[in-house]
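Letters A, B, C and D mark the chains in the order given here, with residues in each chain numbered from 1 onward.
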Amino acid sequence: MTTPTNAAVRTDTVWKIFEHDGITVEAVRGVTVRIEPGEFVVLAGPSGSGKTTLLNLFGGLTRPSRGRVWIDEQDITDMSERQLARLRLERLGFVFQAYNLLPVLTALENAEFSLLLQGVDEEERQRRVSALFEKIGIAGLEDRRPGKLSGGQQQRVAVARAVVSEPALVLADEPTANLDSASSDALLDVMVRLNADLGTTFVFATHDTRLMERAKRLIRLVDGAIASDHRR
Amino acid sequence: MQRLRLIVRLALRNVRRQARRSALTAAAMVVGLALLVMSRSLADGAHDEWIEAGVRLGSGHLAFQAPEFRARHAIEEHLSAADRAAVEAALADTVIAPHLKAVAPRLEITALASAAAAAVPVTVVGVDPAREPAFSEMDQRIVEGRYLEPHDHLQGFVGVELAQRLRLRLGDRLVLTAAGPDGAITDQLVRVVGTFRTAIPEVDQSLIHIPLATAQAWLGVDSGVTTIAVLLDASWNADRFTRRLQEALAPHADRIAVLSWRAASPELDAAVRMDDYGDYVFHGILFIIIALAIVNTVLMSVLYRTREFGVVRALGLRKRDTALLVLTEGLILTGISGLVGVLLGLAVTWGFFHDGFDLTAFMGDQMTAAGAVIDPVFIPQFRVVQLIQSAVSVAIVGLVASLYPAWRATRIDMAEAMKFEA
Amino acid sequence: MAAGPWWRIGWRNLGRNRRRTILTATGLAFGYWAVVVIAGMADGIVADMVRTATGILSGQIQAHAPAYLPDRTLYETIGGNEGTDVPALLAAIEREPGVLGAAPRVYAGGLVSSGATTVGVLLVGADPAREDSVSRLTAALVEGHLPAPGTRELLIGSELARQLNVRVGTELVVVAPAADGSLANDLFTVAGLYRTGIAELDGSYAVGPLDAIQALLVLDPGRVHEIAIRIADPWTAPAIADSLGTRGVTPAGVPVAFRPWTTFRPELVDYANLSAGSMWIVVVIVFLMAIFGVANTLLMTTFERRREFALLLALGATPRGIVRAVLAEAAALGILSIVLGVVITVPVLIWWHYDPIDLGRLFGDFTMAGALVRPVLRTDYPVTMFFYAAGALLLTALLAALYPAFRATRVPPADTLAGR
Amino acid sequence: MRHLCIAVLLALASPLHAQRTAREIVDHVDRLLRGNSSRGEITMEVVTAHWQRSMTLAVWSLGTEYALIRIDAPPKDAGTATLKSGTEIWNYLPRVDRVIKLPSSLMGQAWMGSHFTNDDLVKESRIIEDYEIAIGFDGMRDGVRVWEFVLTPKPEAAVIWGRITEEVRQDDMMPTWARYYDERGDLVREITFSEYQRMGGRLVPAVMTVVPTDKPNERTVIRYVRLAFDVGLEPSFFSLRRLRSGAE
């Protein structure tokens, strides 16, 4: 699967060391990994294995203690907050475990958030969000507040928000953790389809085995280091 | 631009979503601001009353005198008919004229008052009975008898303590002895037509009002006066009008001096300014408390929503944007409660106190301060400038109080967004 | 049920969100600070006014012959025409607890003249050494020196000096009707000038040594009109005057009337009452504001802890118990705030007592209710306000907790536990 | 009231026609009491509740405009002098060798501790201009035929009294007393005249006693020891230099 193109995200011996009240935790220990555009990758491992931290490092949400991180061959390790914000806006999408929709915005408004920030005009935003909602099966819920949506619906809106601006890389942390099996299957279907249709790179951190089964590449982490890396 | 609109929209929605908390913060600010408006309008009212009480018994908000009169207090330092005409012309100024409440010409002299019982030094003021009541309101301080009337000639309106000391009753005769401009001592008879009490001992012991024409004839100064005292509609106009009149009368500066009440009653000026300072301190404290309430609420709402801030940051908002979001929320809250607070303050002040805020319980019927008798019932004064000041101050307080929470919001770890439980 | 567990829960809950607790407590403590410091300043201003009003000349208690007032005739000296043993009377007065000093004086209306100018004045004969412990006249000296006993020297006000156009060292003619009916007249030298800022004092008083003025007025050394008394705490003046009057400090058969300043300066009492009255307005306003801040915080903590309250209810706690927990938390917060408030207030009070804020440059001196006020905001120790404000603060915290406490009991247990 | 001056300027009463009007009689008495110029020696005894003293005074006068009074005894006050010139009063104080002009605010004070005020010295006599005069009584009192005149101030007259009554003996036109009332009719002070004798060629009451009604135990008694009229004084005599030098 090697391609001549740039890696969607790659790291070079990144470490992330947390210090809390004098206790040092090495959450990520010298991980070197390269994820190509269009991959559908699952980071798996038990709690505390460093999945979320690695995902945060990929997304520039956390800065590495050592090592470097590149997104689309741009070194983000020392990027300013401003550059990072811009990069996240244009290249990245996030799906969180607890949906994390903005409670004060409607489903539509949540989904179009990045487009708004990118300055896309209203008509275009409407069009793209509607199409997307249609695609992922939540059409008609545009005007509902998150509080009026089920968990599965909320997470779909979250996915829509993550992919609506067609980012190169979507990072998702336990997106199915709060969903029943039907909802999570449906959500996974959506994401697989998006991966296939748009070529969006997905990186998941999860210990949901169903999600692992769907992965095209499964990276297992143990104690902050890569224990195995399989492509299917 | 779109980003800004988004932020404003988010802020608006946030304020609305946290209705209860917003309401509480707003309530704190509304109450604070209402109190501020109330306290300021009452303080302004009290001050204006204080100043007015002082200047009514003194030489007005502004006064025209011969330049040396204030220092020498001698009758030869009087304004001639020509000077008076110049003053009248200056007061006809279109800017000033609408603000004139009363203009009182006066001839003031120290004299000896003798009655059968005794003789004491007094201050005699020749006044225009038609114009003076609107000015010094002596007609409202009558103990017995009446005030001077336009056709009075030999009537005298006498301080009650002076009358007691000279054992005078209504109708009794009183001989005033003083030196005219030429130094010759002359006598004038007046009869007590009324007695008054201002509650200022020095005044009640030594002041006599007599008709201006009588005083002028007695002292031989034709239509001369020592002072033309002017009462304005509001004391805060005094300074700028004084400057304007000084400019207008500059050609006559060697004969006519224009004094504002600040110059004429420096004690009153200092006392009022001191009291103002006390009010500033008090209002400052109110503001700080309001600010603390805002900091508290806004900061709480920031800390409460760490995950939310993490999310919007992960979605591409810059630190600056999140700070702006918090500031906007603070401003919206401040703006709304500011408006409500000012209105409430006005309403309450108007509703409860337009007849006056009664401090009689603390002060007794009246008290004297810096040469003025203060009625302990304060009539609130509303001033647009003052309201704008209050509102702007509150907006600034709101903004400043939101700074720390805003800064805190930028410090939020985006990884928080990834965690399930905040 | 013992208050114990609720107190513990309340106290510990405060520790759960330290930042918020500190913020709220700081707000309350600041309110406390503001109230106490404002009260301290107001007390200080009143005390200062009383001190200056009574301190410049009059003293806080005056002793006269009963008939001396109101006419102040020359002949109504203490003890009548025979006079009295002044040193013994002074000593007896000074033995009274609370009395700091006593000074004898004679007064007479007279004229002072220099060149062509003659001005009517009140001549005062005083003992400069004793005046120091009673009045500020000697402290108000701006030029020259105090008149020495036995000399014909005068201390006059700066305004009088201006009217007479004289300086230190100039000779003045002093004329006054004497006690023997003659027209007393003599030359006095201006020894010093004083300035009190009170126009009347500065413009119409001339102070000479007691013996010289007595000699001028043909009064025996035992004849004085007034003994001015300074006491430590002006507010004890009525009690001390009463005590002096009833204890019989005067030699046998010499009737003396002691009057406290509260009777001869009633307007100062008015002002003090007004000042105390407005303090209550400040207290109410400040704590009214504070109520909202505290209610806000407590409401938020109770919302955050819905689950916990639901759990407590599910475990069988009564709603009243929940209310108690919230109130206990508020009380704990109040007490914490009082401690914090006292900690930030006391040093400031002490600081501003010894090194007061001086607004003199902004305002200059002025008089209010007949007293000279130096715009120096020296704080006094408002002892009662210290406790009242603490009480008000605690009350504020508890009042603010009522609504949140009520809300806390309204948590629907099942829903909350289900995670909604 | 300027009764000190009246006394100082006391003049001889000349024979009168009984049928004169009240106004004319009072005017006459008033004029008689003022010579053109005079020079006299007076003792003044003042008794108050607190002290009593006696002074010897030398007096010069010219009309109502000018008067000079010098204290000759007691020695302590000797040389102290008062000059009245028009409406001004000057005092000379030998002890300090200074002349002091009395400020107008102090005109109400007692002159030399007596029951006269400085103002009494200054005020010009305008009795007939200032008062309406009527005969209140005409007949015998204590065996003497007298008039009692009632002087009521004219509406605009600058005088302090509400009423003055004055008793004059009809046969020699000598005043016996004058009583001063306030407007309520309360007696304020009384002047009694006695010891009528010839001085400077005229019959005058040599003793004049002033008693303030509210202090009945106090009095000022003026006794003329020597008196000469028309002594030829000029206004220039009444100068500050003369005041200082003692007038001799």
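Rule of thumb we're sticking to: contacts are C-beta pairs under 8 Å (C-beta built on N, C-alpha and C of every residue); 3 or more make two chains touch, one makes a residue touch a chain.
On a predicted model such as this, the values are computed, not experimentally measured, just so you know.
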Can you identify the chain nearest the overall CA centroid, using each chain's own CA centroid?
B
Counting C-beta pairs in contact, which comes out ahead: B-C or C-D?
B-C
With chain centres taken as the means of their Cα atoms, state the distance from chain A to chain C in Å.
71
Measure off the straight-line distance from the CA centroid of chain C to the CA centroid of chain D, and report it in whole Å.
57
In whole angstrom, what separates the CA-based centres of chain B and chain C?
26
Could you give the separation in Å between the centres of chain A and chain B, each centre being the mean of its C-alpha atoms?
66
Among the residues of chain D, which ones contact at least 2 other chains?
105-106
Chain C residues touching 2+ other chains are 120
If you look at chain A, which of its residues touch at least two other chains?
none
Checked against the stated definition, the touching pairs are A-B, B-C, B-D, C-D
Touching chain C in the complex: which residues of chain B?
20-21, 24-25, 27-28, 31-32, 35, 39, 121, 266-271, 273-274, 277, 281-282, 285-286, 288-290, 292-293, 295-297, 299-300, 303-304, 359, 361-364, 367-371, 376
Mind listing the chain B positions that touch chain A in their complex?
2-3, 6, 10, 13-14, 16-17, 307-308, 310-319, 413-415, 417-420
In the complex with chain C, residue positions of chain D that touch it:
46, 48-53, 76-77, 80, 91, 93, 95-96, 98, 100-103, 105-106, 109-110, 112-113
Complex interface listing, chain B residues touching chain D
110-112, 114-121, 154, 167, 169, 171-179, 184-189
Chain B partner, complex, touching residues on chain C are 19-20, 23-24, 26-27, 30-31, 34, 38, 41, 120, 267, 270-271, 273-274, 276-278, 282, 285-286, 288-290, 292-293, 295-297, 299-300, 304, 359, 362-370, 373, 375
